[in-house]
Structure formats: structure tokens, C-alpha cells
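Presented below are the structures under discussion, each in the form of C-alpha cells.
Paired with chain B in one complex and with chain C in the other, chain A is shared by the two complexes that follow.
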Partner chain A sequence: MFRKQFGNLSRVSTHLSRNVLAARVASREAEMSTNAAPAEAATAPPVVNEFRTGVGNPGEHSDVQIGKFYTIPMEEKKQIFSGGGLPKQYEQQIKTFTEACLMVRSPALELLNYIKRADLSKPVVRYVLYGDNGVGKTLSMAHVLHYGMLNDFLLVHVPWAPNWMKRPKESANSASQEGFIDLPFDAAAWLVHFKTQNSKLLERLQLKTSKEYVWSKRESTPAGSSLIELVEHGIARIKYASETTAALISELKQLATAGQCKVMVAIDGYNAFFHPITRIFSDNKQRVSPDRITLTQPFLDITNYDWTNGVCILSVDKIAMTEGYMESYLPRYLLGKEGFEHLDPFVPVHVGNYTEKEFTSYIKYYLDRHWISKTQPGFEEQLKFMSNMNPYTLMQLVRGL
Partner chain B sequence: MSLRVLSLNLLKNNRNFLQNAVRNSKGPGAQALAVAPYATQVTVQATPAAVQKQKVSKAMKAYLERAKEHDDFMKTQDLEFQIGKRHLANMMGADAETFTQEDIDEAIAYLFPSGLFDKRARPAMRSPEEVFPARKAAEFDETGRPFHSMFYTGKPNFFQLLHDIVEETNKLYDLEERMLRRGNKPDENQKLETAGFQLLPKDQLERVLVEHIADIEYQNFTNAMDRLISLPYSYKSKAFIERYLKPLIDQSKQLEVPKPKIDEQGRQYITTYECLRKTARADVTVRLPGTGKITINGQDISYFSSEECKEQLLFPLNYSEMLGKVDVEANVEGGGPSGQAGAIRWGIAMSLRSFVDQEMIESMRLAGLLTRDYRRRERKKYGQEGARRKYTWKKR
Partner chain C sequence: MATNLVRLLEGSIRSNNAGVAQRTLRVFSSQQQQSEHSAEDDEEFRVLNLRTVKQQARRRVIKKEVVPPPRTTHMPVDQDWTAVWSGPRSFHPASVPLPLRQGYTERGAAAPSKYANAELMKIPNFLHLTPPAIRQQCEAIKKFCTPWPKGLESEATWKAIFPVEVVTTDYCHSLPTIRHPEARRVTITLKLSDLKFDAHAKDKFLRLVGDRYNQETGVLTFVADRCPTRKQNYDYALYLLTACYHESFITEPWEASKSEADMEVYLFERNKAKLSAEAILNWNANGEKQAPSATYADSVEKLINEGENEYNIAKYKEEVLKMLKIAN
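Moving on to the complex of A and B:
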């Protein structure tokens, strides 16, 4: 994994020559890898027109940019989203369009505003994104994640929590806690994701563990070893991945509270942690509720308000539930009593359908990418009627145009 | 009929005179004859005794036998009907004297409830005159001599009708010529209004004529009538023409476009009730200055998940170029998604008539937007896998 990451860095120059929009990244990358050519870094300013903005830093986005697209450099996209975090179909679209463009939308801006103004020395604020199916909760979260990465937040990102409850790779009885279930592969996969997102920052910050973790008779991680070592142990010894995750997260909480780092927690489909129906079965073929899964606890723990220097961005989603529990998209319904009380108080952020401006901007973008080629008069009105300006429905509709 | 037979008896000695009389009665009497419906008198009264003494032709004898048989049959049928009616009235606890046909229908529907789909297949009790088809009265006298000059065409009533039409036409031609010579023009105000009317369909015409006619003969009739109607002075023969016209009540009613009402926000609106498709029932309200908002049972268009259903709703709006100009509210229940979408589509199209011009309405009608879809689910048949599909045939 490590080698792969370095491999990426050394390949920066080749990427740059291909990606003209990566001027800003190039300057940053140049600090890290010496072999990046400075001459190439200054080429071609990003394209700016009525539906694109040249401002690539989410921190600088304001109401002026609403409805416009900004480009995430491929390098950064790879770093943040290689382990998931963008919807699959959006990922395909990015591949087709050969650029990772995100629209600046008001829910994400609202969230960014809150985060920028938040006093990090106070207990963490929980933001809950909610909205109907396909309105862009995940992409709003992606936008904020990009901001977090650029602003030296350690990302604790769960791309889609229901994956653990609905299609676990493997389940095993926990060795440390009686009656609990481990998801070793999922935990290890998450650790890999954590490492991809944060390895650069971890190297820079040089964070150390506060206590010794004894995994077995022969294996232990001594106090004062770096967090990377802890993560790598979890990846190498998959059996202990769940426990490593718990350890890592409690360490992060402590370090953040101590002011050594900032942490951004982003969990998509957070309500899955409170939905009693899972597809994990115990030895006696009984369904295991999420509170009996070792992986759940650290993430519930980190969304508590008993620490500082961090932000929690959570999204609640109808499709994180199972059949029969999808009547409403409101947080109280989706989280249930228990989950709502766990999060209370939180800041709800509603994500809605496109506005008129965003809709026209999106159509223009699709036309620009030649994704829509059959344009009969009034097709925009028809699309608006058919999709009700719902982003996902629109994406589905224009597939055939 | 009997009167005529009697008069023929009296005049029998003088054949020539008789022939003249018949010919004479053709002239001025033809009008009177044409006004009276053709040969609808069904039963023949018992033949006068005087006739029986005369020499009777074989054809007449056979006819009289048949007529008597039919009379007797009808008499017994009528008697049975009256008795049945009394019984029914007693059963229902009503007065037998004032028991009408409507009461009979009600009683039958109550006593013999039927699940049969076709109304004609359900049990019924009607007077024998209605049940048994009308029969032609004798067309010839007892010597076998036909009354009607066109008897040997086989369809005297029909050809008489054609004859009358041509006569009327010729009369109008004459009139036109005379008027032209005098320099008069046909009165525009009196022009015959045939919109909303149609010529009698073939089956109804057959009932009027008491004769079976072929398709091509019916076409001859319509051609002749069309020519007569198209004449500039056709209003002069209005009485004649109207006997063969039938008003198109249903369609003319549908052509009537309702006037939009005004709601409290000052917007025009039209509500269409009873929008049907399959088993779905909807009522649709369309409001005119709108933004293209659509509400279905309180939800937006995401009420329908499939693309096809949304397209169903899009079509009338897009077709009439009212997309984004009107608001639609619909309440729908019953049926499945496609049925509900179809019902709302019809409702939208019907409501939109009030907001578009006549040309567009006609175009919408031709596009089939204003036509109700009465198709229903076909039942499964026993011995088959479905409505049409058969079980897989296996040799062994």
C-alpha cells in the first residue's frame, strides 16, 4: 500500500502534463516530490464560463459560485475517494467526462460556512445531512471532505456504513468481547481507506499512541509508536482489524482533544448504526443488531460530543434502512429514538432538489460534455418535468439522450 | 290492412278500375304513405269471412296460415306475459295493474341477480312485441297480386325509399332552376344544419324498412341522401330528410368545452371528475397561470417511480404546448401505476381543452388524447395458462 502511494507521487509529473486543470495541485505537490517540473505547473488556467468556476478550493467557495462546477484534481480525488465516497454512477460519469467536477450547492456551502466559523475548542458539533433519495447528500459530503483534506483535517470517513450491516465480507466472533461480532475484512478495508486519505498528513503530524495495545501474547503496539504503525498493524493482521479501528479512533479523539490534530468525521448512511435489522448472523443463526458489532462502537463513540477539535458530518438516508422502514427521510424517523438521543443536539442540514439555476447549469454542463446530443426544442422543460429537478433522476434520464 | 283488403274485395270485379285506383293513389297519396312508417303493422287481423269464400291463391293461403299461427303465438305469449307480470307484482307486493316495465326490470334484477357482464345476457322479461321481431304484413292480395309496384324487386320498401329520395332531389332541382330564373337565391338563414347528426345506421334503417339490405345498398342510400342534403334548397325537404337523421348526442356533448371557473387566487381552473383507466379513478384539476407544478395525492411527480408513467403525464402537456404554464392537481385511487397515470393523463387532456384553441382540441382528439380507454383486464380461461396463453404442449 505504501509503495503504491509513493508510486503515485512519483508519477505526478506525468499526470500534470495530462491534467491542465491541476495547476494549483502542482504547486502543492512540488513541495513534496522534488521531481515535479515547475515549468509545467504554471500552464493553462482553469476553464471559466457560465457554469464553471475557476475556484478550486472549497474553502473559498461562496454564494457567487452557487450552481457552478469546480474541478477536483485527479490526484486529490484519488486520495480522498479511492476507497469510496462518490456514488458509483457518479464515478462512472467522472470517468466518461475525464474530469471530476462537483457542483457548488447551497447545502454544502451552508455546511462549510458552519465549519469555518465553528470554534473548534468547543465540543464537536454534529451536522446531519438529510433529504430525499438522490438529492446529493453524498456529493455534498464529498465537497466538504475535499475542504477537510485541503485544510489539514484528519478524515475519519465511512463511505457507506450500511455496507457493513447489509453485505459484510466476513463475520467472526469477537475474541475480546463476549457475544460480539467482528467484521475483520471490512475493518481492514476501512483502515486502508483511512490510510489512503490521511497518510500524508499523518507523516507530517507525527502522531503517537498514548498507551500500549496488547493484541495477543506475542503481538503488541507499544506506547509512543506512530499512528501509521498502528494502522498498518491492523491491515497486516486482519484478525485484529476491528480492535485496531477502535484503538485508532479512541487515540484520534484523545489527540484531537489535546489539540495535536483536527479531525473531520464523515459517515454516510449513519442511521444504519441504529437500524436493528442487519444481514449479519451469529452462530445460532440469529440476526445480530448493530450494537453487537464491534465496528459500530468506535464510530458511535466518535460521534459523541465528549471531545473537541473536530467536526462530525453525518448523513441519514432512506436506503440505509430495509424494506418497510422507508416512509420518511426525516432524521427523527430514520435514526429512531435511540439514535436521535445519541446525536441530540445536532445541526440538521436539508439537501433538496436542484434549484432552477442549478438545473440549467447542469444541463449546460451535460451539453458541454456532449453527454446530451439529441436536443429537440423544449427538451429542458421536459426533463424538468420528468425529473422534478431531482439530481439522481436527471442523471438517469439523460443517460439515453 | 284489413281495410285495404276489403276495399280490394269490393272492387275486384273491375280490374282496370282497380289498377287505375292503385296508380292514382300513388300520386297524391304517396306523400301520405311516405310519412307513415313503412309496413310496421306487424300482425294481420283475422281475415274477413268474405275473403275466405273467394278464390284464394296458394301464396295467400300459405300466408294466411302463417299469419294465423303467428297471431296465436303472439296471443299466448302476451297472455303469459300478463300472467307473469301479475305474479311478479304479487311477489314484489305491488299493484299488478300499475306495474310498469321499469318495475319489472327492477324486480327481475332483484330476484335473479346476475354476474354476467353483457347486459343482454342477463335475465329479462319484456312484452312479446319487443322480444319477437316485427314481421311484414301481406304484400299481395288473395289472388296473389302484389300491392306494391316494386314487389318484384324483393325489397319494395327500400327501393321505394330510394325512389322517394330521387323524387325529392328532382323536385329540388326544379325548384332551383325556377328560382334561378327568377333571380332568387337560397335563404342562407334556413340552411339545413346537419352537424351533430348522422344518417340512420344500417341496422336502424333495416328496422324501419322491415327489410334486410346489403352493404352496397346501404351505401346507395347514403349516397343518395348525401346528394339530397348537399343541395342548396335542401331545407325545403327538411321533414323528409330528418326522418333519416339521428342526432349524435354523446359526441356533441363531449365537444362542449366547459368554461373555466375562478378560484380564490384569481386563477382559472377546471376540474375533471371520473377520469378512468383500467380500475384507477382520478379527478384532475388544472389551473391556468401556473409554473408547471404537479401534485398527485399530495406528492410531486415522484409519486410515479417509472419513467413510462411520468411520460404519460408529460404527453398531453407537451403536446398542447402548455408545459410549464399550468399547475396540475390530481387525486387518484385504485388500480396500479400505469392505470393511475393513464387516468390522470386523460384528466389533464380533458381539462386542458378549456385553455387551448379549437384547432388544438381537434388535434388532441386526433392524437387520441381525448378518447377514453375502455380496455380492461381479460379474464383467465380454464384449461389455459392465462387469458390467451396455453399450457406448454408436451407430447408425452
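Moving on to the complex of A and C:
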């Protein structure tokens, strides 16, 4: 409790000091701008040194850039990750450092290589990211998502699937399917997330629905209306958000198979769909298993192999499970028999701790950002031993330096 | 009154036969006898002695045996040790010509010597199993042995030719009957790898034999002791082995109803993995069907059956990439 408060305090204080700094810098810049030409921060060529790379397009990343940071432009970051997709603490770090930097790491590169090489006319390939806690599965996924956005993939991105099973905003009995549970707010939130990620591309592609969807006596979405209309209907009529999600995803599958668009499915914490223990209760106070939640069906459907022109990036995570089911981080264990059968054959991609090179690069980046200010001799070695080169542990450790 | 009577008699007795009268009088009273003695010799005070001389306890003189010096002192150097110590026996200091010491003492002091040393008597000794003694005994029983069969020199050869090992035990004991109840027990062991099976038969055989099969060593063990004689038990054990073996090759009609939940191992052929792999390989394909490769099937089976580890996952990944034609 105390520690938590202390952590909050320290965070607040760092924020304050940083804000003061930023204000000072801003004022200085303002002074300079009165004297000289205005500095063009946005269009300035990106800084290149031993831990940064100027290559901003994930499609062009290769082994040369391993261990280096690249910057995601703020608008793109806002478009992809405004509805989640980056870990909370990393988000804070981005805010503090005033730049969205991602390290180019081998798991993401491996995935990108596979995606580039794979034949899109073949059934969709499922890639499963796995690894211990805090090794960067979500950030590897973020890297690939950035690639997908830049390469005209429609993103079907669930930032953290266990949220639906563990802390749903609201649950209601489904009107259309007997015995099923709707999560209307979560579904609507996901639709908003989908819209922010894909609105530009949807406008450009002009995708149409294939059939008429009748929601109630008076409401329906006629065949041939655009997907944006469908999504907006779901957002406006929260009651039908779950059904809209199902409709949208089945439409996307059809459209992708017909070759009208490319779809990138990215689901973090995918194993939550197969974990029988949720915190949703039905009317008779019984725990509802994920297969009785209407939102589960479409996402299981889109991770099936029966469509083309797409790619599925899923991550399995220990934290998505509940206590007693966290012995191993390996995919077969986390997915269970059912989940494994659903995904098989998938490509497991292991995400591990930092390598030596990545670690030094990260330390340099922190020093560059003045995040580490106390540099006693040998502090790198000490950090290495204390964090075991685990990215999350390292991030936690350097918070106090 | 008695004294009066005595005085009366005394006069007459003294006159004729004193000896006889005295003997008859003694029975009347001791008091009377005493007075008589005092009358006879007054010069010494006599001690009353109620017991006869014979009855008096004589102090026993304890005669100590002469302890001979320990035998070790006059043992010849070239004596026959097997004659001295012929069988298993607890330690005896005077028979062992060795300056042995054993036992706990204060620090710095020497350990207690072999005389009256309980520590040495407690521990088992092998003084009867010296190399010459063993040699001598082997020499003695040699005439009962037959030569080792030719062609069975190495263990591998005789194990290959005689895979079944039969173990029985004979007991030598002193009872009115020579039949020991344990002597009828027959143990048959053999390696499972010496029997030839197909997959179904092996599975069924292992279920039939149950815990008679040791999974770690791969050895089958049949123990028979239910019949009264050894011969019958031996026959019964062999019968068990034969019956189990042949029974395992029979497929009963109800065995076909074995469902996936009853399976003890994951088989690629019976599972959804095969269907998915086939569907992906034959996507939009007309004509001949493509089957998933055996190595892929093997990797899936290994992943499930052996459990997950980094190696099995890596192998599975490699096979999937090959099958989906992603890698290179």
C-alpha cells in the first residue's frame, strides 16, 4: 500500500519536474523562434546514432536494425494505439519521453519476414507469440500492427482480450442467442477502436455489406451499405454492438476472401477465449464460460483457417489466465486442448529477454532521455543482474534511477 | 517329678549296666543328659552343639582354573587359517593373531584393544572368507560342476538365446519336513523387447499384465506361487505369459468404440490436427489430395505426448513453416 502510494508520488513528482523542464524548453524555443526561423521539429530528419535508426517503416526493417529504436509518428501512434495496444507503463514512458519509440527486436522482425513471405491466397496463417511475463509480446505485436497499418491491412485488433472476461463493463443476456451473454459496452468500445484504426482505409476501399442485417422491427442495415455505416450503427446502438461485431467480422472475412481487402488480426491475450474461468455471472449466479459470450464467437471465427488474404497474430499470456493456471508460458499449456486444436497448425514465435546488444542499446536510450541520471561505475552490470535482462523488470528498475 | 524318678533309677543302673541305661535315658530329656555330663567331667565348660559334625557347613574353597595364554601366542606363522576360522563366527580375540583395536576413546588415546572389546564382536567379520578359503571351497565343489556350454561366452549371447530367466530358491533348514513353503515360488522375467507386437497388441498386452511390467527397466515379471509344487508353478507362469501374449492379438468388437477421451496417447491420425492440416494443404485444390507430411504428424504427436518444451516447440514450428511454405 505504502509502496504503491510512494510509487504514485514519485511518478507525480517526475511528471512535474518533466513538465517544468518541458515548459522551460518550450519557452527557450519560443525565445529562439523570435530571433531565428521557427524550428521544424516534425519535418526534421530523424536523429540517427548507434541506438536509433532512421528507418521509420517497419516493412524496411531488417537484421541491421536489430536493437535499434525507431520512432512511430505521433498521428500514426494515435491512430493505432489510442484504444489500447501498448502496455500502460510503456504509454506513460512514451508520454514522458515525448516520443513513441519502439525497439526493433528479432521476434517482430521474424514475424514481419513471415508475413511478407507468406502467400496471401492461401488460408490465413496463425502466428502465436509466446514468452514469459514482461518480455515484450505486446510491443512486438505493436510493431507488426504498425507494419499492417502502413501496408493497407484492415486491423482487427483486440488490445487485451482478458479484459472482456475479467472486468467487463456490463453484461446482459443476449437477445438473439438463448443462453448467451452480451458485453454491449465492451463491444461498442471495440467498434470505436476498430473505427479509429481503420476509418481512413475503409473510406478509401469503399467496402459494402453483402447482406441485410435486421436488428429489430424498425432497424436494419441494408445490403450494400458501407462497413462504416455498420460500425457506426453498432456504436450508436450499443444494445446491438455485439451482433454488429459478429456481422462486421463475418463481412470482413468474406471481403478478404473475395480479395477486396487485406485483414490483419491481432489479439493479445488470446488464450483468455479458452480459459473456462471468467468473472461474468449469469442470472442464476453461475460462472459463464467464454464460449457462452457472444463476443467470443466472431473472434474465434476469424482466427480459423477458412479464409484467405489475411494474417493472424495472436499472443498467449500467463496473465490472461487465473491463479492456478499459470505454471508455464508455453502455448499448448496456455491454450489448452481445445485452443490448440482450434489454432493448429500455427507458427509459435518465441519472445525472449533482451540480448546483450538490445540491453546496452536500451540503457543508452534511457541515458539519452536523461531517464537514468545516477550513473555510478558498473551500474549497467548491476542492472543486468537485477533485471535478468527482462524488459519489464528493467523498466521498473530504472524508474527510480 | 522327673528328677526324682531319675535319681531313683540312677542308683540301680550305676550298679549293673550303665551304658545301656544311659542310652535309654537320653530320650527323656536333654536337661537330664546335661546334668549327667556335668556329673562325669567338671573340669571343662562344654558348648551346646545341636548339629552333628557332618551337618556343619564347610566353607567352600573356590578353585581358580588356570587360564592358558591366548592361542595366538603359539600359532605357527604358516598355519592353516581356514582350520582356525572355518565358518562365520563372531570375533574372538584369542584366536585372531592380529593387533586389532576398535572403539571410541578420549581424544589422543589409543582405541581399545581387541580383548573384551564388544565393538569388535558386534560387527560382522569376513575372517572365514579369506581368498585361500574361497579357493579351497571352490576347489572342493569343482567336481560337482559341469563345463560352461560352448557358444554362450558373453552375456549378450546367452541373453539373446535364452531371453526368459527363471528364478527359484532352494532352502536348507532343519525341520521334520524337507519341503520349505517358499521353495515352490517361481519367478519368470523377460524383456518386453524380446516379444514381437504390433501397436494394438502391445497396448493390450501392457494393459493385461498391468504392474507386472516395469516401465523404467522394460522388464516383465511373472511370479507364481499358487500351486503346491514348483513344477506346477513354473508351468503356470509360462501359461500366463503365453495366454497374455496371444490374447493381446485378439481385437474384440467393443474395442472399436474407444473414444478420444479413452486414448492414452495423442495420435495425429485420429485428431482434428489432421483435418486442419489437410484442409489447409488442399485449399482450392482440385484433383489429387495432398496429405500432411509424416514429419509434421510426428512433431505434433511429440508436442502433445512428450509435453511441451523448447525443443518440441521449435521442432513443431519448423515443421509448420515447412508445411505452410513460409520458410524460404
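Everything below uses one rule, namely that the second predicted complex is superposed on the first by the 358 of 401 C-alpha atoms of A that agree within 3 Å, B and C clash if a C-alpha of one lies under 4 Å from a C-alpha of the other, contacts with A are read in each partner's own complex, and residues count from 1 in each chain.
Basically, contacts are C-beta pairs under 8 Å (C-beta built on N, C-alpha and C of every residue); 3 or more make two chains touch, one makes a residue touch a chain.
No experiment lies behind these values; they were computed from the predicted model shown.
When both complexes are overlaid on chain A, chain B and chain C end up sitting side by side without clashing. Of the two partners chain B and chain C, it is C that touches the larger number of chain A residues.
In the superposed model, A:Glu323 lies in contact with neither chain B nor chain C. Once chain A of one complex is fitted onto chain A of the other, the partner contacts of A:Asp283 are absent, as it touches neither chain B nor chain C. In the overlay built on the shared chain, the residue A:Asp344 is in contact with chain C alone; chain B does not reach it.
Shared-chain residue A:Tyr114: touches chain C; no touch with chain B.
Judged by the touch definition given at the top, the superposed model places A:Asn390 against chain B, while chain C stays out of reach.
With both structures placed on the common chain, the touch criterion links A:Gln382 to chain B but leaves chain C unconnected.
In the superposition on chain A, contact is made by A:Val125 with chain C only, not with chain B. Between chain B and chain C, the shortest distance over C-alpha atoms in the superposed arrangement works out to 12 Å. Contacts of chain A with chain B, set against its contacts with chain C after fitting on chain A, share not one residue. Within the complex formed with chain C, the chain A residues making contact are 114, 117-119, 121-123, 125, 305-306, 308, 328, 330-333, 340-341, 344-350. Residue ranges of chain B in contact with chain A, taken from their complex: 292, 294, 300-302, 307, 310-311, 313-314, 317-318, 323-324. Put simply, chain A touches chain B in their complex at residues 132, 378, 381-382, 384-386, 388, 390, 393, 396-397. Taken together, the chain C residues at the contact with chain A in this complex read 271-273, 276-277, 279-280, 283-284, 296, 300, 303-304, 308-310, 313, 316-317, 320-321, 323-328.
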